[in-house]
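Take a look at the structures below.
Paired with chain B in one complex and with chain C in the other, chain A is shared by the two complexes that follow.
What follows is the complex of A and B.
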């Protein structure tokens, strides 16, 4: 999976939970889920659960704590897929 | 509803979480407590009930000279029993440690089928769909005295022990 593929799959997952549509349009690796996209904590959990389903991986509390932006989500998903 | 974060204060250390303990830990009181009792509770779900008294405050205004329980109150009743009571039960170990757990309603989707009138007893049946990362999502149904479905939907909340 290329980096662009991964970003695009994450973007599809995140889309329904975004509050700041403008920030979402210009999403990059540095986009922060809470600070930029204004996603609330309950929807962050939904995103984690959707990522698990989409990539068939299992995420733990420490992954959740680290998954603050697009880049860290990509890092964690990539690492889990290699396990 | 509990759009604002609510704090549950535990006055005593709980040794064993029973049905009465759960109700006493609820952060509500009259006129906004909509839980009379719990029939069954487990890791997978809860059944509880509430009897809408004929002198509930909201009947004066909803509707003029025609008291019908507002849908938001039915939703509140379902959230208090189906989500909050169950969440307290699921978090029982952490609540024993912490004296200050918090709850916030995060979303709900509800369909209504029948009105609930003053003096009606309703039974709420809630099934846990997911409880992970402190988020609880439940499928909740409300039945009237004739065991007819009054409303059903999905309610979610965040819990922090």
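What follows is the complex of A and C.
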């Protein structure tokens, strides 16, 4: 899976939770879920579950704590897929 | 000097009509909202009929965002938010997620239990060891105050925001509590109401108690028979009612439409003494509640034109009528008109009081009496107490100045409120 593929799949997952559509349009690896996309922090757990379903992986509490922006999500998902 | 309180907005989600105009039409025409539910039959319920409001996906999307609807499975909150938003907009306010915070408006929105289907979903996952996969909204959808939490955020309400719960008196109690708060100057407006989930997981306990009718599974619309000789238990319903209460000065100041004035009310409990039990009313306390409500309203019992009773279609209907005759000291032909909205919508449980308060206000404002259906065969003991003409079976246009509404609930709790036609 290329980086672009991964970003695009993550983008589809976070789309329903995004409260700032402008920031979402210009999403990059550095985009922060809460600070930039204004996602309600309570919804981060829903995003985790959606990522688990999409990639058929399991994310632990420690993974979740780190998964605050696009880049960390990509790192963690990529690592899990290699396990 | 206590403030006068008026009603400036109404919203309703009822089994026989969603929205004010559909519900008004159903009341005028005596349309039943009771239907057969296969899900109840499949689960071996004795009573397989019930009242469930019809809400399309399109309508849902007008009140909730896509995000709010993700994993959403709480019919009571759904009904409550629709009724609450409708009442708010009917009162002339905007629903806008960026609206300024309004510290002068409070919210008391009651329920019995919240999100029972969501709770069931969660329990299945949890017992399967999947607690981590419940998602973020189980708490919000299943906490009793879920409906208040959703609504206050949608509307930007900044005064007291809470949920009351007192079984089938819940909605009427919420109204009286909101009234008290405005009367005492603690808020200018209160959005009050109540809601109830639908479905087997809420209704099952009542079916087990054999208090719901099992005799009309083939004739659902004839099932809810308050005051009838052949009443054989209530028909479960669901939905929500909502009312915007406002101080008279605030309503006049902003030129709001005024439906009626809330004259006063009373809430009490029979304490499960003197014949009262967890499920049966203490008659003395019921009469006291009605009398006190009349006293608090500054009127005489003879001024009451119409009663909207609790009248569920159980053997307790006779006792309720007897309690009214004693509390008002009026019987036979001198008794006011009385109607039971439950003949049309069933017993909407925690939502009943609010939906029936809305029904009372609609009849008062539009000056008509909704028909009592399914009581052509009045209970003989009721005819011994009051004249049959006090129980209209057809829609009638009449002059109504004062309506008394009462609700009673499990736990031996009572609430009674008096509404007066508002003349500017």
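Going forward, the second predicted complex is superposed on the first by the 83 of 83 C-alpha atoms of A that agree within 3 Å, B and C clash if a C-alpha of one lies under 4 Å from a C-alpha of the other, contacts with A are read in each partner's own complex, and residues count from 1 in each chain.
Throughout what follows, contacts are C-beta pairs under 8 Å (C-beta built on N, C-alpha and C of every residue); 3 or more make two chains touch, one makes a residue touch a chain.
Keep in mind that what you see is a predicted model, and the values were worked out from it rather than measured.
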| item | value |
| --- | --- |
| Combined model on chain A: chain C and chain B, fit or clash | clash |
| Touching partner for A:1 - first (chain B), second (chain C), both, neither | neither |
| Partner chain in contact with A:81 - chain B first, chain C second, else both or neither | neither |
| Touching partner for A:17 - first (chain B), second (chain C), both, neither | second |
| Partner chain in contact with A:45 - chain B first, chain C second, else both or neither | both |
| Segment of chain C that clashes with chain B, given the candidates 74-82, 92-100, 254-262 or 290-298 | 74-82 |
| Common ground on chain A, meaning residues reached by chain C in one complex and by chain B in the other | 42-43, 45-46, 49 |
| Parts of chain A lying in touch with chain B, wherever the complex brings them together | 40-43, 45-46, 48-49, 61, 64 |
| Residues of chain C that touch chain A when the two form their complex | 66-67, 70-71, 133, 135-136 |
| Residue ranges of chain A touching chain C (in the complex, touch as defined) | 16-17, 42-43, 45-46, 49, 52 |
| In the complex, chain B residues that touch chain A | 104, 106-107, 130, 132-135, 156-158 |
